[in-house]
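We call the chains A, B, C, D, E and F, going by the order they appear; numbering starts again at 1 in every chain.
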């Protein structure tokens, strides 16, 4: 259940209207990496983990709700940046032909700036639209929820990274110290959330690879040099891999390798301690563990979301 | 600012898993007429009217927030309808080849049903996706906010009508009395909100036509018979028009009429008391009235969303 | 069956090219509230009501067809506003580097203005695109058809309201009296159609709530105060509801109410004459009535759209 | 201006309801290659050529209008294939739990089949939706109009080819001779239109390459063997090219060729009579010709779509 | 299997940054007719014809791969046109408020130009986005693959035509001879590919109509005059049809014709040598021929993509 | 420049057709987390880092190209899983009415299974479509490139996590050991790439927070308890934060906190060693460092992608 309070979480202000910056800021309102994306992503992910991982559910709903607060802050800032356009648009008067705008009054200047994103005028009349800075509608194609926290928390860390850099990119385009202050707050919070998601991820044991299967040691430490030219060696294809600690096998000529190995069929694991047998055993164990963590908390039938015991004597007669 | 409470607004329950119905119910989660559409539409519309129409702002935010509660109820119900799939999907075991599913256990039956919407398995692993019943992602193209309450409230009444009928269509597809009870609550609330929006609309004077311009009496009561064949006369093309009370002028042969009137240039208003001159006068008056309602409440600069006076002594030095 | 006549329904003209306004006007060509949306929405809704409600079918097809005429008017106006760009684009000559455009001739000025929407040049070469003012392609996600006229006509009234306000918003951005004249015609027609749809809706008895179910009196007059802060009371949460004439029950503290009522389970209808029993009876009666209105007009098999009796002696041998 | 007649262009019939086939047939209603795509594509292309190429305008509008007739035929057929579902959906009665559907009556069977596309039930209640066979909304991203008939007519021939093969693919999925008859008509018409577009294309001189520029002879007859393995030679890389009649130059090792020619900078035209100089001369000539064909028919200002002379004495005072 | 080489197929260069042209050029990167569309379309079509038509597979993969090279060329050109923006965006410094941009340095000018497409700054920070010139994301709705080369090759010829004209339209908007040179190369290649696709199409016998069915001679040479007004006769509705060589039957009054023929039921083939019987025979023959071309090359089970014989002794034990 | 080899990187095989699994597998072909998404994301990100970070460019292009190989493997597997459908669809014969399918032959069974995704039959005739498992077209809205490797590599790790879990979810739905083997290879590679991206990320110093700004210490360690109910404390809101090592400040009552701090204006950094001053200094330093890394490698004009020195003597005369 949600509740609304008629104050913003952060005291957002605007010193003077700036429709151009309002347009840029739409990117964080209805854009791919904006606040609606963040809020909906965590909200979506929370459903599956409410029963088995109530602590993660708590965290996800705390952050999803905060992002909703941020969505409101961004929307309110856009509304203020659009100034009095909504009022000007009502005062439709044939003597005032906006396109001439000969005497460059503040009103005309404002509307002229807003024309950069025509939908501010002809669609929303001086209020936010749920689209990005070039007018593309928000789509849930932007968000992910894969029913597994070792995956979802990675998605969330990435989402926070992107949201952070977009705020960072926006800051130079306003000279309003009030707006800068708001953006500074919002940007900082993305970094905070990143750390929360990382901590939550690390509280799982194991948390890598994401999901259950540990993967096949035959293919897991091969590096294919698919791009001919200046090749580089770094810790991503030399030494040991970051997580599984396997020795990177650098395949300089992937085509020849493919043929020599009969399309990868003749590979034997090299540079790794892992064997297919040991992997399968651990896979099976982890599969049962994770499965049971969930099954133990969800009844086969008669499910209730709220505390069910409080209602057990209810009958259905009055439906 | 939003707040979350870890109980649903309505005590939603599910008697037994039913992935097929979960798929249908997605329509009200991430579908065109679903709860996210409703919530976002009212939330969006609220920004522009916060200052000039604080009573409508209050109502819009009350309902937007309630719809958010409903979104959560629908999502929770889908989660419960998917039962223990999320857990089953973790117990990946090669001996259990799901596609064979020879011994028709409850688990296999459940997964088999879920396959009707494959994304429940391979994308979300037994939790909701933010898409409609056929898997199309939610898009803000579904919602409207036009910066004018006489328009927006019409959009809202229509949105509530559509949401209502979708719930009505869903009810026969479940035989679970608990789910029916939840749908009954949600469906009823749409009708409640419809009446709230209508009352709010009628509190504007005038509220028709939407917006400012009253429209040109030359064209406003013409009915063009554009579809040849069995023609019908009813109160929509006979007698007086519902709002402007003009006498309908039935144009039986629109092509000939177009030519006779020189492409509508030679029309004189008929069957109406309104004249172009009187319309223009009222337009001008209403334009100023509406414009001023807004301009009077929005400062030209130094805008704050929260109660600004509480902070006026703040300086910006510490940014 | 459709027919085309090579004249516009309205004698649309353009005094001088204006590619910027052409861009704005795209909003009514391929935008969410534009003429294609209107035409397709009514056309779509007409199919289901052709047999049971031939009078409404007649009206829907009359208006759908008129909107198609308007789509053509808008497209033709955009074409004229783009002036001779299509011809200029063909005269590709290396000596004439458009980006330099040193001597500001009319041609270069025109192309420069068109660059505001690059697709006018590099995609359509000076002709309309089926997208909105920011270039987003038209999508049928914009339109609704729910197989029930008490819902569809609400959607249509809302659609007309939005189309009207967009025309209203466009008018100040052109100073061409000919274009203004065309917009005035188109805007007026939206208001005309609104009244037609309302009259058609009111010819149903009952027409509220939309669809069949009258809804549950337990929840139908509750107003939840979900947004804390300055709260307002108006006819939308005080006195009697607009349609069902129930006494509004104002729930000031929804969270507490939810808990006290055990998640709404312990509510008894208050402030209403309606009872669950009486509602169910009326629901059942209306369900049968509406169902029969349709079933009586549609055969179980051997369906024909045109007048079938004229062909009954046909055989299928020649297929 | 459009006109509607309440009979279909083709006497479409349905012997018995078949919701499954209705779902497939949606592909030609709101799918990528369906009738709306065809109609809108030709309608869009017609605007630019109305003045300079009135004969092509005539043809495009003839076919665009016929496709609109076909859209109606397809929609009507879907409506009939859905049978009496719209009526059944109204008869909502709790005793009749559709999901049980124990006694397999015709009604229940019908609704069960319709569930394959849930939107037929919960969204449109037994009538068409403007989407494809898997429920994706129609988008104008499907259609093309590039302001040049030598391009557009190619797009149209391709569109007709695709529409034809989709009908061909649909036919085996119905066993209803009436429906087959309708599909046969619609399929045949696509092939007819293809030939009309081809004839129109060939009436341009020259009509290849599309547009103005004849292209650079240095690169125009090179064939790059970019896919290693079994290589084939055919008339597409051996002998003379189909249109420009140049000798194909087969580049067996594109990487080496790129390096030897300094990234294509050191190429001299081979196997062609065309020279850069002669090409540029023809380009310039054609550019002026095509440009003038258009400019000669479009005034610089004071444009009218309908026959303007009939109205020249009109004044604007009455606006 | 794909391979990458760290040089472009064409030595693309840029003389000076030009963010505005970078925006236009996006149309060929992530636009409807751009290089990704081309590459993905041919790649997609190639799968089905690999076994039955290995020569066409070879050609499709040659061209698909070349288009991928072109995608890289376009992306690299956009990157160069954006100049050093990526670096400037990193030097975020509060003293340098970009929006003031008082001293119009090169840096500020560049960023100012880039603001025309805000996503270049706030989303991609001076690198390409996979969208078109107005920021709409690329969608596979742009491409076609219909599992039949007589259709697909038509789609490909049309795609090349559109790609060609877009390059042609772009050339006048840059004054950089290096960029012009690159565009000239890319444009020329589209025309080359067109001719390759045409030659491949013509190597099929028969290749018209596309697909299998030859179509019904009753309807195949009718021309419906659906657009009243100035009508024209040309080779598309007079004389013989281009492919099937049937005499065009001009139907001047389609409505009357529809009624006289009982909705097309009473038509007898006229002006054609084809009869329904002869058509059916040829249809059947062609169906078997085409079907067998495919079936003969695809085993019913145990399929392998690479040369299977090289691996037949492999066992699956080590999976 | 890309090259294609007519063998798959992995010797993918299929034991028997399985159109249902082909449908599921589409998720990794044209779905949000599929191989096209992966390939395009890395390809897109590579452009900006080619000059300043050639080692990362090498790695990104190696992996982007490998993902393209995987896209081909998935497509080929789908093609094989669809078996001989493409051939069956050509053998259109009226005596063989597919919908009856009385004698359940292998052919009919296959087509029946394929009907689950109708587009396999009526659109692609037995070959892959570039859409996900429910038919939604692929969109570049799925991918991210933010012009900053500390962000992009996070996005890439998340993308690999999602791709991995989708393969994991797919495996139980096939019983074909050959297909399992291919999925095992593809799944393993996602985990390999994850580790490569992580290693590359860690080679940056600093690499957290992503981008430049270190963020404001006033807000960076606050945890807002926005979801009332069962609250949990874990390493994400207790102790020190994972990266910045600040002491978490748990705000139990966010609303009260907001008011007490005057909308966050009165906060002083607590539980952190970082000060606004020290942060600003480090920000400035890092900004210059990162900016220079890029600016040092990109000339202000005369840019070339390939090794420019090899061509410096070229003139442009022959364009």
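Just so we're on the same page, contacts are C-beta pairs under 8 Å (C-beta built on N, C-alpha and C of every residue); 3 or more make two chains touch, one makes a residue touch a chain.
Keep in mind that this is a model prediction, so the values were computed, not measured.
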Margin query: Using the contact definition given at the top, which chains are in touch with both subunit A and subunit B?
Written below: C, F
Next item on the list: Check A-B, C-E or D-E against A-C and flag the pair whose interface repeats it, over half of the contact pairs matching by residue number.
Entry: C-E
Check: Whole-Å distance, subunit A centre to subunit D centre, using C-alpha means?
Finding: 37
Note to self: Based only on mean CA positions, could you tell me how far subunit C sits from subunit D in angstrom?
What the structure shows: 25
Next item on the list: Averaging only over C-alpha atoms, locate the centres of subunit A and subunit E and give their separation in whole Å.
Entry: 33
Note to self: Where in subunit F do residues touch two or more of the other chains?
What the structure shows: 1-9, 11-12, 32-33, 58, 61-62, 65, 69, 89, 92, 123, 125, 134-137, 139, 141, 146, 148, 165-166, 168, 171, 184, 212-213, 226-227, 229-230, 254-255, 258, 262-263, 265, 306, 311
Notebook entry, point to check: Taking chains as nodes and touches as edges, what kind of graph is this: line, ring, star, complete or other?
Noted result: other
Check: Every touching chain pair, please?
Finding: A-B, A-C, A-E, A-F, B-C, B-D, B-F, C-D, C-E, D-E, D-F, E-F
Next item on the list: Write out the stretch or stretches of subunit B touching subunit F in their complex.
Entry: 1-7, 89, 92, 96-100, 115, 117-119, 121-123, 125, 134-137, 306, 310-311, 314, 318
Checklist line | subunit B - residues contacting subunit D, complex | finding: 20-21, 23-24, 27, 31-33, 132-136, 165-166, 168-175, 226-230, 254-255, 258, 262-263, 265, 276
Next item on the list: Within their complex, state which residues of subunit D touch subunit C.
Entry: 1-9, 11-17, 30, 36, 40, 43-45, 47-48, 50, 52, 58, 61-62, 64-65, 68-69, 72, 75-76, 78-80, 83-84, 86-93, 106, 123-131, 137-141, 143, 145-148, 177-178, 180-181, 184, 212-213, 283-284, 287-288, 290-295, 298, 300-308, 311, 316, 319
Next item on the list: In the complex, go through subunit D and note every residue touching subunit E.
Entry: 5, 7-12, 32-33, 54-55, 58-59, 61-63, 65-66, 69, 139, 141-142, 144, 146, 148, 150-151, 154-155, 157-159, 161-162, 164-166, 168, 171, 184-185, 187-189, 191-192, 194-200, 202-203, 209-213, 215-216, 218-227, 229-232, 234-237, 241-244, 254-255, 258-259, 262-265
